Structure formats: structure tokens, C-alpha cells
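Everything below concerns the one structure shown next.
First chain written, first letter: the chains are A, B, C and D, and each begins at residue 1.
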Amino acid sequence: MNLADSYKMVRRRTEDICSHLQTEDYVVQPIGDVSPPKWHIGHTTWFFETFILKPYFMGYQEYDPNYNYVFNSYYETVGARVIRTDRGNLSRPTVLDVYRYREYVDNAIYKFLGQDVSPEIEELFILGLNHEEQHQELLYYDIKYILGHNPLFPAYNPQYASPVLEEQEGWLSMPEGIYEIGHQGSDFCFDNELNRHKVYLNDYQISTKLVTNAEYLAFVDAGGYQDFRYWHAEAWDWVKTNEVKAPLYWHNVDSEWHTYTFRGLEPLHLHDSVMHISYYEAYAYASWKGMRLPTEFEWEAAASQFSWGTRWEWTESAYLPYPGFSKAPGAIGEYNGKFMVSQKVLRGASEATPPGHSRLTYRNFFHPNLRWHFTGIRLAQ
Amino acid sequence: MNLADSYKMVRRRTEDICSHLQTEDYVVQPIGDVSPPKWHIGHTTWFFETFILKPYFMGYQEYDPNYNYVFNSYYETVGARVIRTDRGNLSRPTVLDVYRYREYVDNAIYKFLGQDVSPEIEELFILGLNHEEQHQELLYYDIKYILGHNPLFPAYNPQYASPVLEEQEGWLSMPEGIYEIGHQGSDFCFDNELNRHKVYLNDYQISTKLVTNAEYLAFVDAGGYQDFRYWHAEAWDWVKTNEVKAPLYWHNVDSEWHTYTFRGLEPLHLHDSVMHISYYEAYAYASWKGMRLPTEFEWEAAASQFSWGTRWEWTESAYLPYPGFSKAPGAIGEYNGKFMVSQKVLRGASEATPPGHSRLTYRNFFHPNLRWHFTGIRLAQ
Amino acid sequence: MNLADSYKMVRRRTEDICSHLQTEDYVVQPIGDVSPPKWHIGHTTWFFETFILKPYFMGYQEYDPNYNYVFNSYYETVGARVIRTDRGNLSRPTVLDVYRYREYVDNAIYKFLGQDVSPEIEELFILGLNHEEQHQELLYYDIKYILGHNPLFPAYNPQYASPVLEEQEGWLSMPEGIYEIGHQGSDFCFDNELNRHKVYLNDYQISTKLVTNAEYLAFVDAGGYQDFRYWHAEAWDWVKTNEVKAPLYWHNVDSEWHTYTFRGLEPLHLHDSVMHISYYEAYAYASWKGMRLPTEFEWEAAASQFSWGTRWEWTESAYLPYPGFSKAPGAIGEYNGKFMVSQKVLRGASEATPPGHSRLTYRNFFHPNLRWHFTGIRLAQ
Amino acid sequence: MNLADSYKMVRRRTEDICSHLQTEDYVVQPIGDVSPPKWHIGHTTWFFETFILKPYFMGYQEYDPNYNYVFNSYYETVGARVIRTDRGNLSRPTVLDVYRYREYVDNAIYKFLGQDVSPEIEELFILGLNHEEQHQELLYYDIKYILGHNPLFPAYNPQYASPVLEEQEGWLSMPEGIYEIGHQGSDFCFDNELNRHKVYLNDYQISTKLVTNAEYLAFVDAGGYQDFRYWHAEAWDWVKTNEVKAPLYWHNVDSEWHTYTFRGLEPLHLHDSVMHISYYEAYAYASWKGMRLPTEFEWEAAASQFSWGTRWEWTESAYLPYPGFSKAPGAIGEYNGKFMVSQKVLRGASEATPPGHSRLTYRNFFHPNLRWHFTGIRLAQ
């Protein structure tokens, strides 16, 4: 596929995700981690305007200088930014304004792509499209949070179908030795997947099946949320401060567990993989089972031998640079490196991940207390 | 005017105020004191449904039981309520949903008013309409806050014309003696205006003109915000914690003072009455002038002899019950009495007050640190 | 008594109050409102050094310039101050250091009083002694809080005897009319007791007896803390946020109510006047009884006809300036005026008030949520 | 040395550290991370009483059941605990009380050690003594914080002599390959040093000298604290929120850098190793130099070839379990494992570490924002 086609396809997918929304759904920000959907629409557009059109497209006329202030995220290099928690207070630009901005930039991009572009710019495009795919996934998280925390529990899409993973129950035994970890080859990868390097792993076993709702419910029913022994000290504070008693989106209605899905509130599907648990909970569950979570290296070494892709799988690994990691210069260099402290790595992909976006070496990362993203548990021992 | 006509007129005025809004403007809640406009639209409707239709209109079918949860405000009697600061997180019901709810209730009301209604119910109607007028005023405050805190400073209505008060500069001398304070007669008044009672006042003088922007600017330029001597202790903490340097909506752009108006950002109009100052600032300004604010009794005794009505005027009085004050039974009784601590009384009316809503005995009240409402200063000595 | 004798007597009383303390008790500050006893010892000393010795005693050598920073309280005029909540973090100056400072200043004062002093300075002395008496009362409050919030519930003084008020149960009827309020004569009073002025009062009745623990317990047992109808809106938030269920220092031990006293934890004395309730609770209790609290004017007009003096009595009045009130110039002027917002007036005196310190026109004031001071309830109707 | 002698020596060392304190210094807790010295005295005693005397010494009479509540720390297994930030509010038990408790327990221990003890109990003793040594180090941190944040900057000990490390400037080159990491042999180690296991390391270079104050000052002078590019995202928030401009205890007095030492405030010693920097600052400094921090594995593999022991050295490694790590059962098992999230590993030892307490495989850990402990920087590349 040529660049213009790729661009069109990725951009359209973002709009498709939003096609189920009401105007009002685009605007709100119930918690700091969630961004209003219209912000994602504008921010992904701002990325192409800022990093491609403004520096490289001669004669390009910026759409509105104020938009840099509104749609910048964490790129300190590029100027002042709206404090993150303020995004949900902005009624303007309106959704229509933002789509107009999007169309304006898209048109300029298509004009720009009518010319030949250098490999360096092509690389920026590929980064921009991967960036947009990451925001597509965030859109799913944020939309679910916005609708799933509304007292009316509206459906996002009554026809939404969750993908089902073909899994085999069992344990995969991996032998002690040296393994190679990290991206190889010339395909696109994020900077955090490099350098490819050797790690030494002891013997280990890793489950070929994700933990199910039924299995996790046994932990809930056994009083797992009331027994500090399974939890990290900071996790136990989190449980008590937030009165956590079950995964996010679980609701006990008349003594029956329900869960909010994109189709609305439904009885808990016991055979589904558990979803929306924090690292703290994943660890506590594993602890209660007398097992543990795999490291990201154990996961990568084994993952070609089991099914994955519907849940981001918490690992025991902290998000740290690989040997030889170095930041790219400039704003692009802020992409990943600045987050390499206090976060945990997740591996795999989720049902919200765009097709083809993830890979065996992909490193996702979040703080250990978060759970509005589509997470799950795979055990190791 | 008959009740149905009054009802129609008041209800339509609410919608007129909102006619300048974009859908997105209806949804956001930048601070806890501000409510999303769609909440006002629904809440004023909920009031008629809850206090008139449900108890008195036989066979009335509640529109949606969940709406009680969403549009209740501070009426503890009537059931659980959405935590006030959460209102801005709710994208549903949508603006269209809320207007449908409004239309549904209006139609029921018109049907109900086709019958004769008892004087007791008529009283409830009058309370409901006065309640709605109060929310009309709040709508102006909240809309101004939402648009005036947007980095794009959008106009609410480019044709908005501020009323001008015909004032005479001077001091009115009032003699020592007994004065009667509080509402008299059989017209509608709020419970907090009763009982009418005697107060003893010393000689005093009260200004016949509100403080202007030019006069207030002199205080700003004289370093009034940097000198603790003019401020209450808690006010000085407020100034320092919030780095307050001027009234709300004042912006120093390239060394020239501007102010956000309903028409957008404009250079400060020096002859206008100062607006959007807290009680703390009103007091500090008076202190700096070597004067003071009037009490609410001084204001009421003199107000028929000067012009008022474009700014709510902070008084020195705390909001307390009059002799013989008693709460009405039930939810209606929660109307005013439960706020009679820690607030200051404001007298008069503002340019946002619906015509005919206020009167000489009207007691408005707010916490002393607030200033998103349309406040001003009248001096006494 | 001459000035030196008065000085000696007042100063010694402060030290007597502290004579029951361990060194460690002098140091801690469990909440912001409580000051460490050693701070009171130093601060009252600093007052005489700062306002008398340094300006008026030729050749006086300041003890330690750093102490101004440590022992200043809220006198912005006199320089930077230690943030109030930090006082409990300072282990130095030690208790011994502070008593040395106190002795040094006392010696200088006695030397100074060997000379004739002007009436102006005598007035400063009288203010300083009244100031110290106020801190004596605060010392009792703060010591009780420090020991009463210690899990070991240590006694302050096992021999401590609470004074008992001779009261007659009944209602005093006061006729409608004009009353004179405020201090009269040339004796010392605080600036907030002036000017004496006329107020107009309606007929009212005021109880000749304080509410007892038994009576208040009936409110607790009737579910008063669970029923929002008796509470102001902000009070109800306070009850729920702080899970308030009874007066401060009440502990339900094995289903029997106990209360911490200066002698340690004891079963609740049912005949004692209720103590350690906030204004919120006083109001809620009165509301539950279908009555109200008196205003400070009602109290002052009637108080010569009933017994008072063991509890500070919450009034319905906000703490506001009397007609003609004006601040003294300079730091002394910060004494009272800057607190005249958001506080409620208490009248009378408590068992912790130094003998002779209070009077019929004395106006004490605290925020409505506080209750570590020795408060009580007198009803009116 | 026999167990009783070891016990006596370690216990006495704790008391020696405190011998320079005034009673008041034992009591305060200026921030949550700092504990009052008397708490350390009591808590280390409580450890022996709780884990040895009560379960194993027949007929032992607990000193005071309330003390369990006061001196417990984070051992959830053993019952309720005083909220950590409340420790500084407790004036009782007094310092003398705590020393009496200590003497009582010591006497019981000596009696107990008159009998033969099983190897299992001996192990508990060794753990208890190591625990006490850790608190000795914390005592130094906390005392420095308490005195170093007092506006009088009192000396802890005017004769305090900082140890000097004999270091050679240069880079040690380490070859790629498999290294063994973790404790070996039968000597005491903490559970977090096990299991010994293989890691694969790439070529690396590690400095043989710690970064000096002079070198770090160059970073400060170059505007390192004003340039976000050197900092993690969360670190940059920390710098801005806390207005961090230099290491802890640095004070710019009349344009000359001073630092608080145990001897009081002194001009910065340029040749000393930099101290009291957070991980954030260590990382930012390394970033500015175009280098990085070593991992804990790189440190352990190389540390026998350079001098260390005066500063805890931040590593790039997160504090995670080694392969095969498992918690001990019961309260002892809470020792380390529950902290294995969100913390960074430090290696080496500091001038506050008791002699013989640390070793090559010792893993210290703290949150990345903390710096009241005695930290330093060693670079790698």
C-alpha cells in the first residue's frame, strides 16, 4: 500500500471508531487519565501538522495557531500545553471545528504526498500513523470509561462483538539459557524495542491460556480483596483508599455480577478472559494462586507458542531502557524514553489494538494502579 | 397573566438564554461552582416534575426514574444525588434528550393547568418559576465562566448589550433610628425575607453610585493586592494561594487591561461599574478608601433613594435568619435555611437577573471568596 | 495591684498551667489549630519583647533575632513567620531554651518597670497581659487535645477539679425593645467590644441553664447525627466527611459512653453541661428541639440574670464589626478586625478562662466547625 | 562474638547515635518519611519483644499491650498500627518511658539468652539485629532531616567527621557475558538477595569514582534544573511542583552555596561526593553528561574493583524479585517482598551504614523522588 493509501486508511479508522458517539460524548473527561474523544481527533491531526506540514511543506498555512496550545500533549519541546486535567473543560473548539481542522490538514497532506517525499519524511509518516493507532486504542479505553461511568450505562454499539481467542489450557515449559530479546529487521518499531540483546533466563513455565472471569471470581469470592498478604504494600493502600472490591466495570446487581461492555451492562461472562484489572490485582491474583507473572523477557521468548492478542498482559517487568537505548533528538525523542520510570510493561495486544499494530517485541507500559485499559493475566511459575 | 402564560414565558426565557450555545457548551463544568447548562435545563424541569406533577397530577407517568438521580441538586429529602463536581462528566442524557424531557414535562404541565389548581399548588408554581429564574441567572454566570475560561475566548453573543444604570454621584445621609426590614404584603417572597422586623441603625452615609472600573483600577495600581493591611486574614491567604491580582476576567494583554465580556475579550471600559469581585476584594477596596460596605439593613433602608440593579452589591452582613424565621416542612423547606452559615448577603440585582425577579427586600447570598457571579461595590461610611 | 505584680501573677499562671507537662508534651502539634505548648510560652514572651522592650526600652538587647521568626504568629506587620502547621516540626529551641528566653525577657521587663511608664505603654502592658490570658486558655485547649488524642489517654492532672455552675432550670422572658450593647466605661476591653450601640430586639426567651450531657445524649440516641434535616448543608458535609457521631472526646467503650477529661478517660457525667461541640452541632441540637440559639445581643441583654462561665456558648451571630469599629494603627491593629469574616461569636467564658478575664460584653469567636475549645449550648426561642 | 555480645553491641550503638540528641529532638516528625527518633528506639525493641520474647520466652510478661499499637510499623500481620504520619503527634510514651521499655526488653533478652537457643531462634536474632542496623541508618537520615530543617540549623555533633573514600578517577571496562548475581554461601543475607542467578550483560564501562559536588555544581550552573530534556516526565513534574533547584540541604547564602552537615551549615565542600540527590536528579545528571547510571547487575559484577561505601548509589534497576524469590511465611515474610514495585535499587553503602552491615550483593531500595537518605551517583556508559 502506498503512503497516501495507508494514511487514508488509518485516518478513516479513527473516524469510524467515533462514528457511534453523540456530540456530547466527545467533550467530557471524567478522570485525568481519560481524554475527551475530540481531543484525540485534534491531537492526532496536530501531530501531522506540527511534525510534517509545518517543517516540510513549503507554503503551508497553519490552520489556527491557538490549536497548538489546545492539542499538544506532552511534547514540552513544542511549546506550552493545556494542563492535562483541563481538557474536559473546553467546549471549544467544537466537534465540528475539530473535524474541519482534520479535513484541512488531511487535504494538505494529500497535496504534500502528491510530491515525492524523502525517506526521512516517510519515516515520520510511519511514526505518525503508529501514533494515531495508539490513540485509536486510547479512544476505545476513554469511550468505554465515559459511557461506562455514566449512570445510564448507554451502549457504545449494541452490535459490538468481542473477539474470542482460540486458546489451549496448559503450561509451556521453557528451558534455561540465553535468549535474544528486542526488535530485529528493518520494519518499523518503536525506539523502546531496541537494541536487540541477549538475556539469560532460568527454567520457567508459562500458561498457554489467560485467566478467565470464573477463575478471577474465585479469588474475589475467597476474600482476596480483604487479605493484605497477597498485595504489595502500596497496592493494599490503593485497595483500601479506593475501596476496591472487584475489577473495573464489575457491578454487583442484586447479588449477581454484571459488567459494563460496549453493548451496555451485561451479566458477567464467566468464560471470557478477565479484563480491566490493575497490575496490583494481577499480582495479587497470582500470589493467591502461589504463582507469579512472567517477566517481559519470558513472555517474548515464549509467545510464539501460544495465542495472544485480546488482552494486554501485565508482566513483572518494570519499563526500563534496553542496552544501548538512546533517545532520538528533538520532540520525537520525547516519545518513549521520558516514561521509563515507575511503570510496568504489558505485552501482547488487546481487542482494542488496531490490526497489525502490535508484534512480539512490542512494549506497552502503564502505571501499576491503572485499569481502564484492556488488561488481562497470564500466569507463570 | 394567568399561570400557564407565566409558566410559558419563564420557561421560554431559559431556552432563549441557551439559544446562543453550541451543543458542547452545554456539557462542561470547569469548576465545582459552575454547572453544565444542560443540567440547569434538566434540573428546572425536574423541579416541576418532582414537586408538582408526581405528587399532584393523577396518572402522571414519570419520564425516566434515572433522571431524578441526575438532575436533583441539593434536596437530600428526595433521594440520592450525583455528586456536584461530577455533573461535568456526564455526556448522557444528551442535550437533545434533556430538551425532550423538558418538552414532555411542559406538555404535562399544560395539561395539568387545564384543570383548576388549588392555591397551595399555585404557590408551588410560583416557587418553581422563581426557582427557574434563579437558575436563569446562574446560567448567565456559568456560561460566562465556560466561555471566558476557554483559551479561544469565544463570544456568547456578539450583539450582547450591557444595560447602563443612570446614577448620580454623591452620598445619601440616613438618620439614626428604628427601621423596618423584611418583606411586607402578600406578594411572593422567599422565606428568608421574613419576618418583617425592626432594626436600630446609627447615622450612616451610603454612596448613590457604584464603584467604577477606573476607581477600582486605582486600587490595583496602588498595590492593593500586595498589601495585607486591607484584607481579612482568610482573604489574604486566598490572594496569595490563588495569586489573585485583579478581578475575575481581567487580563493584562501587552500592558493594557482587557476584560472578557459576553462579546469576547475587550479593553476595559473605565466608566462601567466594577464587576466580578469577591467580598474579600470589596472589603479590601473599601478599607483602602478608609470606608466600609453597608450592612444589608442599611442598604434596604436607603435603596429606594438611589439606582440599583446591574450588580449584586456585597454587604457587610452575614446571611442569618430573621427573627421568627422558620423552615417550611419537607423538601421545599430545604430551600434557604440550610445555607444560613458562612455566607455573606448581597443586595440589589444584576444585569443577569430576570426582569421583576428581585425587589428591595431580596436577599442573595454567596461565600465571600466567590466572584463568578455579577457583583459590584457600593461604599458606606 | 501595680503593673509589675500583675505582670508577675499572669506570667506565673502560664507556667503553672504547664507544670503538669512532660517535656515531650510541649513539642507536638497534632492538628493545625493546636500549637505546641512551648510555642505559647515563647510567643507570649515574644509579644512583650516585640511590642514593649524593643520599641521602648532603651538599650535592650534582643535575645535572639531568629526567635522573631519562630514565635511570631499572625502579625504580618512584624516580619516573616513560620507557617502555622510547621510549628510541631521544630525540636529547637528546646523547652529549656524557651524558658531561658522567658526569664531573660521577664528580667528586662522588671528592670523596665522600675522606671515610670507612660499611660500609652501601660495600655500595651494591659493588652499584653490580656493576650497572655487568651493563650493560657488556648494552652488548656491544646494540652487537652494533645493528651486526649494520645492512644494512652494520659491524665493531665489526676487532681483536676471541674468547676460546677449553680444554675436554675427555666426560661427567662425578655421584652421587645431597644437594648444597649457593647463595652461601657474606661476599663480595659478589646477593640471588638466597641462602639457601644443600640440594637432592637423582639420578644424572646432564653434558657437559664446550659444543655447537659444527658440532654445531648438523647439527641445522639435519637439519631441526630444521621438525619440531615437538623443540619446546615455545610455542616452535613462535615458530619459525613469526618464521620462525626458524637462530641469531641466522647468514646463509646463497650457500649458505654466515656469522655476524656483532664483526669483521663472517665464514664460520661450525665449532669455536666455538654462540652466540645461545634456550632454545627449546637445548631443541630437546637433544631432537633424545635428551638434556636440566642444571638449575641440577646445573650448580652439577658446574661446578668443567669449563671454563666463554665462553657463558651455558641450564638447564632456572625462575628462582625460593631458600628464605628476601627482598627488601631500598626501591628496591634491586626488584633481582631482581620478575623471578622466567616466566624461565629461565642459568649460567656469557660472553665479554662482565667479568672476575671471575661465579662458581659466579651466577644469570643471561632469557625463553626471547631470544637477543641470548651464550648456549650444555651437555648433560646 | 556470641549472640549476647552481638546483641549488646548493636543495641548500644543505637543509643550512642541518639546520645547527641535533646529530648525534644526525639519527638518530632517533620515529614511522613521521617520517624521520630524515639519511635525507632521503641520499634526496634518491639521487634525483639514481638518476634522473640512473646512467642518463645516462656512466662515473658509483655511490657505494655498498648505499645504494640504505637511501635508497630508496617507489619499488618501483627495487628492495628498507628497511621505512619501520626507518629510525630505522640508525646507519650515519653523518651524516658521508651528507654525503660528498652531496658525491660533487653533484660528479658539477656535472661532468655542465658538458655540455649535453637538455630531457628538464632536466625530470628540475626534478622532482628540487621533490622536494628537498618533503623540505625534511618536514625541518621531522620535526625539530619529534623535538625537540618530547623531554622536554627543546630549541629548534631560539632565533632562529626565524614569518612573519606580513597578513589581513583577512571573507567573500568567490563566484558560482555554471563555473570552470577545474588548472595552465595551460608552467611546472613536478606531474602531479596536470593536466589543467586545468571544474568547476561553487554560490554559496559563503569566509573571508579563517585560524582563530586564540583561536578554536580556544573550541572546546576548549566541550568540543568531548568531544562526538561534531561528529566523523566514525572521527574520534571516533581522539579516544578517542588521548585527543586539543587540537592537537599544545599542553601544559597549570599550567592555562595552552603550545605547543612551534622556539624551545622558549612560552605559546600567541592571535592566531596555529591549527596542527597533523588534518582530523578541522578538520572538527569547522567543524561546531561551523555551517560547513564549502571544497572544493579553491572554494579555488582564490577564493584569488587572500585571503592564504595560512603554513598548509596542509585542504579537504573527497578526493585524486583530475583528468580525463585519467595516470601517467608508470617510477619517476617512481609520484610521485603511487599515493597517490590515502584522503587529503584541502590547499591553500596553510606557513611551512615553500620560497619559490616552491607555487602556486594546488598539491595537497598527507595522511591525515585526521595533524597533524605545518603545517596550519590556513579556513572556508566
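In this text, a contact is a pair of C-beta atoms (placed from the backbone, for glycine too) under 8 Å apart; a residue touches a chain by one contact, two chains touch by 3 or more.
Quick caveat, the model's predicted, so the values are computed rather than measured.
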item	value
Steps needed, at fewest, to go from chain B to chain D via touching chains	2
Rounded Å distance between chain A and chain D, as computed from the means of their C-alpha atoms	36
Whole-Å gap between the CA centroids of chain A and chain B	45
Distance between the centres, which are taken as Cα means, of chain C and chain A, whole angstrom	57
Sequence positions of chain A contacting 2 or more other chains	none
Chain contact graph, described as a line, ring, star, complete graph or other shape	ring
Pairs of chains in contact (touch as defined earlier), listed by label	A-B, A-D, B-C, C-D
Complex interface listing, chain D residues touching chain A	74, 76-77, 178, 197-200, 202, 228-229, 231-236, 279-280, 283, 292, 316-318, 320-321, 323-324, 338-342, 344, 368
Chain C residues within the chain D interface of the complex	22-30, 66, 69-70, 82, 86, 88-95, 146-147, 149-152, 154
